[in-house]
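A single structure is presented below for examination.
Letters A, B, C, D and E mark the chains as written, and numbering starts fresh at 1 in each.
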Amino acid sequence: STRTKIKQKGSDTMLELAQIWAEEYVKVNDNVTLSVSGGGSGTGIAQMINGQIDIADASRPIKKHEIAIAQSQGIFPVEFRICLDGIAIITSKNIDVSEISFDQLQGIYNGTIKNWNELGGSNLKITVYGRQSNSGTYVFFQEHVLNDDDYRTDMQPLNGNSQIVDAVAGDNDGIGYVGVAYAENRASELNILKVKEGENAQPILPTIENVATEDYPISRYLYIYTNSNPIGELARYVRWILDEDGGQKVAENLGFIPLPQYIIEEELEKIS
Amino acid sequence: MKFDLFTLKKYDYKKIRNLKDNAIRKILFGFGATAVIFIIIILVFLLIEGLPFFLEGDGIDFFTGDVWDPSSPNTPRYGILPMVLGTFLVTLGAIVIAVPIGIGCSIYLAEIAHPKIRETLKPIIEILAGIPSVVYGFFALIILSTWIDDFFNSTTKLNALTGSIMLAIMMLPIIISLSEDAIRSVPQEMKEASLALGLSKWDTIRGVVVPAALSGITAAIILGVARAIGETMTVLMATGNAPVISFDMLSSMRTMTATIAIEMGEVPFGSTHYHSLFAVGIVLFAITFIVNFIADRVMKRFREKY
Amino acid sequence: MSEDIEIETRNLSLWYGDKQALKNIDMKIPEEKVTAIIGPSGCGKSTLIRCFNRMNDIIEICRVKGNILIDGKDIYDKTMDVVELRKNVGMVFQKPNPFPKSIYENIAYATRIHGIKNKKKLNEIVEKCLKQAFLWDEVKDRLDGSARSLSGGQQQRLCIARALAIEPKIILMDEPCSALDPIATAKIEELIRYLSEKYTVVIVTHNMQQAARVSDYTAYMYIGEVIEFGKTKQIFENPSEENTENYITGRFG
Amino acid sequence: MKWKTIKEHIIYSLLRLSGLFIVCTLAILLFYILSGGIGKISWEFLTNFPTNGMMSGGIFPMILGTLSLMTLTMLIALPLGIFSAIYLVEYAKPGRFTNAIRLAVHNLAGVPSIVYGLVGLGLFVVFLGLGLSLVSAALTLAIMVLPIIIASSQEALRAVPQNIREGALALGSTKWETTCHHVLPYALPGMLTGSILALSRAAGETAPIIMTGAAFYMTHLPSSIFDEFMALPYSIYTLATQSSNAEATRPTVFGAILVLLLIVLCMNLVAIIVRNYYRRKYRW
Amino acid sequence: MSEDIEIETRNLSLWYGDKQALKNIDMKIPEEKVTAIIGPSGCGKSTLIRCFNRMNDIIEICRVKGNILIDGKDIYDKTMDVVELRKNVGMVFQKPNPFPKSIYENIAYATRIHGIKNKKKLNEIVEKCLKQAFLWDEVKDRLDGSARSLSGGQQQRLCIARALAIEPKIILMDEPCSALDPIATAKIEELIRYLSEKYTVVIVTHNMQQAARVSDYTAYMYIGEVIEFGKTKQIFENPSEENTENYITGRFG
């Protein structure tokens, strides 16, 4: 067929988003065939570097050394922010702790804090859930919350946000981090913690508004990357993603936070 | 052979036959060679991509290091031990569960069950063998893990035990059908000899039939183990995948296969991480190759006996 | 026949499914003698002797009518303990079939299950039986070796020793030499003659010369019937039936 | 004596229990899968594209992807496997070389599928530049099942009694005539049985296709063998582990599992029927 | 011996791997007569006749030294077309091995591959061969039935008919009756006698009576050697070697 093929791959956090984008986009433009896969932000970026795909979904910004490798292979990644996401810290219902600081989170995830009573909870060993290493969430959390410490080795790396939600909900001493949308969906089964950046800061709950205003401290952009500035059908698609009534609306429906107008303008300029 | 096609006549029928015979021999040789080349390519490719990792000086750390953290922003570490241990423990658990049930069931099928029961059970076993591993993984993920959690009150639902039980169920069909074959191929005369000595049926099974079939049964178990070691999706979905060194069957573990499955997608080609996964692949390949080789040997000895 | 009778069949018939393999067999096998059963292939020789220790029980389609008395007791009686019967009636098969265990274990296994666990006593029994089977000298240095490493003839003698170990009164042999070479055959035949001093031996054979050499009595069977039964000498030299004579002189078979 | 009888009865009961275990396992598995998936199965489910984040719509592209992957794998592996088996059994002279091949084939049959995935990715996708595509995945699965097909075909060929071959040769048939007229007709069912079983295993494989060409979602059906494709096992895996709304997508997963099982079990069933039919027909 | 010689072996030796199975065999088998080869099990009878149509070629470990001349041509010569040779030297095996096809196809098959495709001609050949093998009357109404549904004796006669269809000059038979009952055996023996009018027949047998009944010449083999070869009557009544006499009179074997 004469349809242009667009291969999109990467972040599991964005998998569903990307899929519905594809679903919706072909309704308005049937000149393209879109294929969407997950695997993790690292997977997406790596395959972009390897020249296998057109769009890499990433829930973290590309790293410097990744750019270097890409350029050495003749690939020039161009970054688009496409929406905002917050990472919620969740525990099971029976944990009687309601807020947590960055220091405490770092302690839990690098292994220095092992028991809930160190956080003022009851005497229970902490079981730690996280994402697998190719996940953007994994990297983002490591960079922003752990200050680049290594994760404790007995963290259970799960393959998706929903697996973490499942695991934490069913485990009476577990803790985990997931995209806010995932936490909101199952709020009734979970204890969503308020988070404060410094010891004395105000603990904030990860609600949509708090993330949109970037008050919630573990907020981040979600990105897509293309090889060079997109042209042709690829450009049309990216433009649609950034469109208020197109991709942004889909993102909002899924519990992500749409971009403010000024950022959209900035991003649109990258499309030739 | 010098041969002119145009001078062929009816009475050259014999020559045509011989010519055809030779041509076909060559064509078949071509197919055989292609298949063999295919197989050799696998080996060569695996080695080409994996060996650089050993040569880059991480080789020793690879086999002795107890931390696997290739994407650390600080110092990536490539220690295969946690995964070897994970594979070992999960497989061991599966063996402990599957071997008694498997042998028991094969004895039952071969020696005790009414032929009608045998004929109904065998397709059931074949169905179990045919179920794709992702289905087992799904079952482990949403149902078995909950049961385990309720029953053992474990800290985590996805743990080595969940994986072991699932693997055991996947091993059983192999163990049962191969051991049943082995038991049934013990010659009837052997059983008759034992019965003729005034031994009961159970004495015959225990003292004569099972010992005689032992190498066949052993081979069956080894092949089951090879399957368990190489299984990917089930353990990926069931064991929680934490690359830790732990001997607690209720804690999460990661196997070698799961490591490759999880990380293969994220690595830029040619990077150290990429080669390290091929190195894990080589280790896995070597282990299963050796296990299969042993099974093959044992089986051969068994065959030679009769 | 003036000897004591060990096995007596009364109007014995046997079917495999619908096919009758034995037809109204009446026969009296004397004690402590060698009785040979000869006849063309498929005539029912094996089937007959497998009735004597109820080995046919394990063939599902097999049905038996009539009686077999051993020492006056009907072995097809309901109260008969088959395991016990087989202990008293040993059997040696056409193809040597030692267990895949050591030579020692081949003999000791059944003995042990039958209740003798004392190590010293076991040793004695193993030695005695191997001696009786003329095998002791050949294997005494390698009792722990695998029975499968013995030659065919040695294996067959081991099977005989194994049968002797459970102290039967009767020994049934179904073509015990058909898989053996002439020298091994000669040894087994010698052994059979020797055994007949203490045991009742029933032997099936294809080889008429062999029957003539080793047996005291001979039964000639033909398509499920015993055509003639009597002293071996008489059967071979002066058969009363033409069928028998034809067979013995090689006009068929 | 009495105690012994009781003991034996206990042992027999235990053995019976282990047989029961197998039945129960299958019953439980099927119960969950059927009760979860049967309600989902409908004509629309089988023939439509998934919609709404796979929470509704159907699984048609996955079914089609799995079936076309199977077909392609079969086209590559079957002739190669069967003809090499014929060569190895009927023609090759035994010796070191043949032995080495036999050993390699035999042992490669047990190599984990993930290793094949690894090689498939490196070799077909990257090195040969076939990209993430149906053909890469099919080639990967083909080399994965090749040793199994060869091994089982060899067994089927060997099961044809030597005296049939001798009978034909003694009549003055050539080697090929003997093989083609007197060995293949009787071995073919066995060869096919083994091959179908191997392929049905390939149909359920997930790990190798993740790496070599399966996509989670595509807006259109693949237009050539160089396109990516959707496949049932991969969709099941992704939906089971990644979906943000697991409750909502679970029926789809169950439905997909049921369909995958049906495909695989049908292949198995065909294999079993073929085998039993011919086993009865040719008893040597 | 005044007859024409059909097969002649000259200093023929044969090894299976390291094991010598035939030792310097010199033998002249006359034309259009029945020659029987007898001897104890494992002496090399089968091995010898399988040399005559080079059936041993398919056994990888088998090595041959010496010559075999058939009609004066060395069949182990490089230029020999083995397929052609086997067409001229038919073989019938110990166990009847009809192809699992129809009765008709069993016979028509070889004829067809040797170039006769005319349907009418094929029919004629099938009928002729079945008649020659005394099988026609028994199967003429079910030529399309499976050959496997025939009885053992009928199957063996079918195999003989199949061998006749390719019009060989020599027919080799390796214990053709060992799997058969006496009645079937009698029929095959009659057939062999009849065939010797037109064909050179070589038959291996275990059964000395059979050899005496059907053969004109007899070769007695012992551990790879031909001990004695001559007219059957002479061998049986007046053997010149003691070994032969011992075997024939059943002192062993």
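Everything below uses one rule, namely that a contact is a pair of C-beta atoms (placed from the backbone, for glycine too) under 8 Å apart; a residue touches a chain by one contact, two chains touch by 3 or more.
Not measured: the values here are computed from a predicted model.
Trainee: Which chains does chain A share as contact partners with chain E?
Mentor: B, D
Trainee: Where centres are the averaged C-alpha coordinates, which chain has the largest centre distance to chain E?
Mentor: Result for the farthest chain: A.
Trainee: Find the geometric centre of each of chain B and chain D from their Cα atoms only, then give the gap between the two centres in Å, rounded to an integer.
Mentor: Centre-to-centre distance between chain B and chain D: 15 Å.
Trainee: Please tell me the distance, in whole Å, between the geometric centres of chain D and chain E computed from their C-alpha atoms.
Mentor: Roughly 47 Å, centre to centre.
Trainee: So how far apart, in whole Å, are chain C and chain D when each is placed at the average of its C-alpha atoms?
Mentor: 52
Trainee: Once you find the CA centre of chain C and the CA centre of chain E, what distance in Å lies between them?
Mentor: 36
Trainee: Where does chain C touch two or more other chains at once, residue-wise?
Mentor: none
Trainee: Mind pulling the residue numbers of chain D that touch at least two other chains?
Mentor: 126, 174, 177, 210, 241
Trainee: Mind pulling the residue numbers of chain B that touch at least two other chains?
Mentor: 17-18, 200, 236, 265, 269
Trainee: Quick one: which chain pairs are touching?
Mentor: A-B, A-D, B-C, B-D, B-E, C-E, D-E
Trainee: Quick check on the complex: what are the chain D residues that touch chain A?
Mentor: Touching chain A from chain D are residues 51-54, 125-126, 131-132, 210, 214-220, 223, 227-228, 238, 241-246.
Trainee: Mind listing the chain D positions that touch chain B in their complex?
Mentor: Checking each residue of chain D against chain B gives 4, 8, 11-12, 14-19, 21-23, 25-26, 29, 32-33, 79-81, 83-84, 86-88, 91-92, 101, 103-119, 121-123, 126-127, 143, 146-147, 150, 174-177, 197, 200-201, 203-207, 210-211, 233, 236-237, 240-241, 250, 253, 257, 260-261, 264-265, 267-268, 272.
Trainee: Any idea which chain C residues touch chain B in the complex?
Mentor: Spelled out, the residues of chain C in touch with chain B are 53, 55, 58, 83-88, 90-91, 93, 95, 97-101, 109-110, 113-114, 148, 159, 162-163, 166.
Trainee: What does chain A use to touch chain B in their complex?
Mentor: Going by the criterion above, the answer is residues 39-40, 42-43, 46-47, 49-50, 66, 69, 125, 127, 132-134, 138-139, 142-143, 148, 150-151, 153-159, 166-167, 170-171, 173-174.
Trainee: Can you check the complex and tell me which residues of chain D touch chain E?
Mentor: Where chain D meets chain E, its residues are 93-94, 161, 163-174, 177, 181-182, 186, 281-282.
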